[in-house]
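Following this message is one structure expressed as C-alpha cells.
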Amino acid sequence: MTVRIGVIGTGMIGRDHTRRIQQVLSGARVVALSDYDPAAARAVQAGLVPEAQVFERSEDLVASDQVDAVLVCSTGATHEPYVLAAIAAGKPVFCEKPLATTAAGADRIVRAEVDFGKRLVQVGFMRRYDAGYRMLKQVVDTEIGAPLMVHAAHRNQSVPESYATPMAIHDTLIHEIDVLRWLLDDDYVSAQVVFPRRTRHSHAGLADPQLVLLETKKGVRIDVEIFVNCRYGYDIQCQIVGEEGLANLPEPMAITLRKDARLQNALLVDWKERFIDSYDVELADFIAAAARGTAVGPSSWDGYVAAITSDACVEAQESGKIVPISLPKRPALYDQG
Amino acid sequence: MTVRIGVIGTGMIGRDHTRRIQQVLSGARVVALSDYDPAAARAVQAGLVPEAQVFERSEDLVASDQVDAVLVCSTGATHEPYVLAAIAAGKPVFCEKPLATTAAGADRIVRAEVDFGKRLVQVGFMRRYDAGYRMLKQVVDTEIGAPLMVHAAHRNQSVPESYATPMAIHDTLIHEIDVLRWLLDDDYVSAQVVFPRRTRHSHAGLADPQLVLLETKKGVRIDVEIFVNCRYGYDIQCQIVGEEGLANLPEPMAITLRKDARLQNALLVDWKERFIDSYDVELADFIAAAARGTAVGPSSWDGYVAAITSDACVEAQESGKIVPISLPKRPALYDQG
Amino acid sequence: MTVRIGVIGTGMIGRDHTRRIQQVLSGARVVALSDYDPAAARAVQAGLVPEAQVFERSEDLVASDQVDAVLVCSTGATHEPYVLAAIAAGKPVFCEKPLATTAAGADRIVRAEVDFGKRLVQVGFMRRYDAGYRMLKQVVDTEIGAPLMVHAAHRNQSVPESYATPMAIHDTLIHEIDVLRWLLDDDYVSAQVVFPRRTRHSHAGLADPQLVLLETKKGVRIDVEIFVNCRYGYDIQCQIVGEEGLANLPEPMAITLRKDARLQNALLVDWKERFIDSYDVELADFIAAAARGTAVGPSSWDGYVAAITSDACVEAQESGKIVPISLPKRPALYDQG
Amino acid sequence: MTVRIGVIGTGMIGRDHTRRIQQVLSGARVVALSDYDPAAARAVQAGLVPEAQVFERSEDLVASDQVDAVLVCSTGATHEPYVLAAIAAGKPVFCEKPLATTAAGADRIVRAEVDFGKRLVQVGFMRRYDAGYRMLKQVVDTEIGAPLMVHAAHRNQSVPESYATPMAIHDTLIHEIDVLRWLLDDDYVSAQVVFPRRTRHSHAGLADPQLVLLETKKGVRIDVEIFVNCRYGYDIQCQIVGEEGLANLPEPMAITLRKDARLQNALLVDWKERFIDSYDVELADFIAAAARGTAVGPSSWDGYVAAITSDACVEAQESGKIVPISLPKRPALYDQG
C-alpha cells in the first residue's frame, strides 16, 4: 500500500519533507498541499509534485478522501487545530514541533487522541532517529549501569537579533528536553537556570550562554550548556555518567587532516546538516505506521511533557529559583515506548 | 516514472537489493525475479514482492517488456552473459562485482557498451558511495595538494579455510583497486606483493598478511596491508599523503565508553555493516539514471581496469616480482567521471 | 649553591620527596629528617640518605643552621606550627596541602609571611606544574577569549569507607579549587552543591557523586563533577569555554590498541601516577627559589583562599543553599602571579 | 658519588647536555670542557659552569684524572677517536650519533670495548628513552602477540638545500633503524627504497618523499615513509601490527581546541621539542651507570648495526634493488638488553 500524504505548510521544512517523500523514501506519495499562501503551495507543486492537488483551506486537505495521512509543517500557532482535525478524521498526523504553543493546547491533543483510542500523532523530535543517539541509547541501556548524571551542550555558531532569552528554551533546549527523557526513560521534577557572564558576541535581548540544571524522578542530575553565539560551530554534546561507566554521543563523522601545523577536523556550522539523515528515518517510521493506520515514535504525550518542562525552564530563567515540575498521570495509551 | 526492475540471482545480496528497492528507496519497484534455483526466487517473491513475476530463465527476464532495468546478483561466472544480454536489449544493468571473471570478459562488455553508444552498466563498487570515502575525495580534491602516497589497510577478523592466497586480491583488494583509482583519478602502472611472517591464525592455503605495493601513472606510491585474520575486527584504513597535507578516511561512528579501566570504542566485526549505507546510495544512483535510460557511477571500464589490475597483482603474488600494468586507451564513452 | 633541605614527616610523600631531591633533581640535598616516629625517619635515612641528620624534634630541624629550607610533609594538623616556625627562622618552606586545617590557621601564616615581608612559603598544589594544565593555561590566555564556563570532573575508581561526604571537598575538590583559580586568574563568589542519585558502589557515609557549582568574580560559571566510586579509573577532566573557542585538558598519554573488537586506550586507575611528573617540577621550582632565599608558585594566600572556599563548599553541601564566598583584600605581597 | 663529566664539543647539543647535567639532573657535574674552537668552550664555561676546566686538546680532557666519564658531542668525524680514547682510559662515554662515520669505524669501537671486557659506551639514540616508545614497547611485549608488520613515518616540515637524498637515511631514518630493532628485538635482513612522485616543495638534490621497506630476521615487514618537506609539521608515526592486535605510538600531548569551525590540536613543527624529555632520561641513565663504572642503553653494537643497515639503505636508494643485510655474530658482551 502506498500512503497518500497531504502536506500542510510548504515553507522550508514542508518543501523538504515533500521532496523526501517523493524522491527518497519508499511507501508514500504526496497527493495534497496547502499553505496560508496558496502561491507557495503551488510553487512546491510545480517543482516537486505536479500531480498533487493544492487545497485553499487546510481543513479541506485534512478531510479529503484522497488523503490517508497528514504532515503539519505550518507555523507553530496553527499546529493544534490541524492536529485536532486529523485526529477527528482518524488520520495519522506527523506534526513538526511544537505540538502546540501552550501546554494546555498539547493537553487538548492528548485528550482527543486518548478519546479516539489509538495513537495517531507523531511529533517531529527527530533526534530520537539520529544514528548517534540511537547508538548512545543502546549503550546506556546495556553497558553503563544506572544513569546518575548527564552533561550536555547545545551550541550554535550565532543567532540573529530576533532570538531572545526564552527561545533558548523553546527553540534550543526543547530538543534536549525530549531526547534526554527518551535516553533515560525518565521525567523531570525540577529545573534551575544559571547565567554565566554574557559573551560579547550576544545582543541586548539575549543572555548567552545559559546553564540549565534539570533533576529527574530517578534522581539523575542533568546540566545542559546552551551557548548560541559560540562562534566556532554547531556542536551537540551529550555525556551520560552511569554507575558502571560513562558514554558519549559520537562526534559527526569528519576527515582528520594534518595541515598547517594542525591536526584538524572540520566542525559543522549549519545546524540543518547535523540531523539531516534523521529526517529520512523519522518520516520512514511515520509512513510505515501510517500504512497500518496508526503512529509510533515521539507521541502527543511527549509533546505535552516537553511543553510543561519548557514552561518550567522559562519560569526558572525569570525567577532564578529552582522550579518544581509535576506531571499528571500518563494515560495508558502512551505506555509503550 | 517508476523504474521496473528485474533481479537475477536471489541469494543474500539479491534478496537484500530487492528489499531495498521495495521498502527503502523511492522511484523503482521489483517486477521480476529469477534464480538458477527457481524455488529461491519464489521464496523472495513470497516474502517481499508477491506481485513480481518469477522467470525460469534469466534471459527471458532480461528480454521481458515488463522490465526496464536489470540487477545482476547471480554467481560471478554468469555476470558476463547477463550483462551482455542487457546491453543487447538496451536496458540499464547494475552488476555486482566482478563484472566478469576474466579481463577478456570485461573487455567484451566494454566493447558491447561502446558499440551501443551509451552507458548502460553500473558495477557494484559500493565504496564510491560511502559517506566517508566521499568526504575523503572532497578533501583530496581541494585541501592536500597533489597526492604522493597512500597508506591503506583492509583487515578482516577471520576468513574460512576456503579463502586462499589469490582471494586476497580478487575478493579483498579489489575494493581498494577501484576506490583508490577513483580517489586519485589515476591508473596503476605496476604491482608488487610482499609477504610478512604468516600469522599463526591463518591456514595452510593462505599467506596472511600480505602487503601490496602499487605505483600509479602520476607516480603515487600505494601500500595496502591485507590482513584477513587480524582477530580484532573488520577495519578499513586509508590515508592520503599530499604535497600540502594528509587526510584520513574517518573511522565508523562509535560510542566512546569509559569502562573497565579503558577508554574504548567498539569496532565492527562484520564486514556487512561497514558499507551498508552505501548500498542504498548506489542503488538510488542506479534508479535515477535508469529512469533516464542510462547508467552512471562505476562503469564497465572501471570493472575492466579492476580485472586487469587484479590479474597483475596475482602474478606479483606468484612471482615475487614487480609486475608492470598497462591498459589500452580508454574509450571516450568513459571520459566523464 | 646546593640548597640544604630538612624534611619533616617521612611517610609516603616525605620519603618520595627525599628520593626526588637526592636521586632526580639538581641543586639540593637532604641534610635533615624528622618524624613523630623517629624510627620512620631513621628508616628513610638508612635507605636514601645516610649522611642526613635525624632530629628528634622538628622544631630543632627548622632551627638548625645546617638547614637552608624546609619541606613539611607531616600530618595536616601539624602544618601550621612548622610553617610558622620556618617563617620565624626566615627559611623557605614547601608545605604539602593543606596549608592549615582551618582558614584561621592559614590566615595566621599569611599574616606572618606578610610581616616578614618576603615570600617564603610554597604550597603543594602540584597541578599548576602539570604539563597538561600548563598547556591549557597557555591556550586559555591566548586563544579562547574571555572564559565564560568551566566543565570539570574529578573521578576516582573507588574510595575506602573512611572517606565521608565532606572529604569530597577537602581532599578531592581542593585541587580544582586551586587550579581553576589559577587557570582563570579569578576568585570565587558563591558555591552550590547538588546531589545526584547515589551510586550503588558508595557507602553509608558518602553521598557519591556530587556536583559542585561555583561562580567567580568575573562571572564564570563552573561545574565540577566529583565521583569517587566511578569504577572505571582515575579521570581528571577540564574544559574551558571562552568567547572565541573551547579548550580541553589533554588526556594522559596512552597507547591506542586495536584488540578484542575494541579501539582502546588504558585509563589510569592509580591517582598517584596522574601527576607524578608534576612533583618533580614543583620541587625544582622550590629549590630554584630557595637558592635565592624566597619562594614562588602556589602561595600562602592561595592556601588561605582554598581554605575559605572549601569551608563554603562544605556549608553548601550541608545546607543545600547557594553560599556566598567573600575574601579580604589580597596583600600586595601576593600580587605577582 | 657525584660523577665528574668532561664534555667534548660545546655546540648546541654539548651546551644543552652541560645545562642538563648542571641544572636539571642529580648525580653528576661537568668538570671539563673542550671544543675545536676553545672560545666556544670558554663561552659555555662562562655561562653555565665557571668552575669547569677548559682543555685545549680533547685527548687531554679524556685523560684527565679529574674526569670520570666523557660526553662526545663534537662533529661526527671525530667521534671514533674520542670514543676509542675513552675506552682506552677505561672511562664510560656517551657518544652522540653517529658512533662513527663508517661501519668499519664502528666495528673498531666494538672490538675495543669487547677487548676491554665491559660496556663503556652509550650511543645517543634517545628515542629508546621516550615515554611514548617505552609505553609502546611494553604493549608490544605483552599485548599484541608476535609482530608481523610495522607502518612508520618520519616527517619534517622542511629541510634546507644542504639536505641531500642519502641524508634521508643517515640523518632521518637512522632513528627508526635503531628504535624499531629495539621495539621488535630483531635485526634486518634486507632493504628496498621506493621513490614516489617528488613533492614540489623539495629541491634538486633531494628525492622527497621516500618509502623504505625493511625485512627482519623474524619475517617482520616494515615500511617507513620519509617525507622531510611535508609542510605541516614534525610528525613521527609508528604502528605495530601483531598476531593478536595493533598498537600505535601516542601522539604528543596537545590541547584539543574547538575554534574557527575546526576541532584542532596544534602539531609540533620543531623536531627539537619532540623528544626533549628523552634527553633528560638518557643522560640520567648514563650518569647512573657511569657511577658504577659502566654503561647501559644503546650500545656500540647498536651503533655498528645502525651503520651497516644505513649503508644497505643507501645502496638500495642508488640501485633500486632489494639489498641483503648481513651481520657478524653479536659478541656476548651485548647479549643483555
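Letters A, B, C and D name the chains as they come in the text, with residue numbers starting at 1 for each one.
As a working rule, contacts are C-beta pairs under 8 Å (C-beta built on N, C-alpha and C of every residue); 3 or more make two chains touch, one makes a residue touch a chain.
The shown structure was predicted, so the numbers you read here are calculated from the model rather than taken from an experiment.
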item	value
Neighbouring chains shared between subunit A and subunit D, ordered by label	B, C
Reference subunit D; chain at largest CA-centroid distance	A
Higher-contact pair (C-beta pairs counted), B-C versus C-D	C-D
Geometric centre distance via CA averages, subunit D-subunit C, whole Å	38
Distance from the mean Cα position of subunit C to that of subunit A, given in whole angstrom	46
Between subunit C and subunit B, distance of the C-alpha-averaged centres to the nearest whole Å	59
Where subunit B touches two or more other chains at once, by residue number	231-232, 244-246, 254, 258-260
Contact graph of the chains (line, ring, star, complete, other)	complete
Of all residues in subunit B, those that touch subunit C in their complex	157, 231-233, 235, 251, 254, 258-267, 269
Parts of subunit B lying in touch with subunit A, wherever the complex brings them together	21-27, 131-132, 135-136, 138-139, 143-144, 244-250, 253-260, 284
Touch list for subunit C against partner subunit A, complex	145-146, 148-149, 151, 194-201, 209, 211, 213, 215, 218-221, 223, 225, 227, 230-232, 241, 243-246
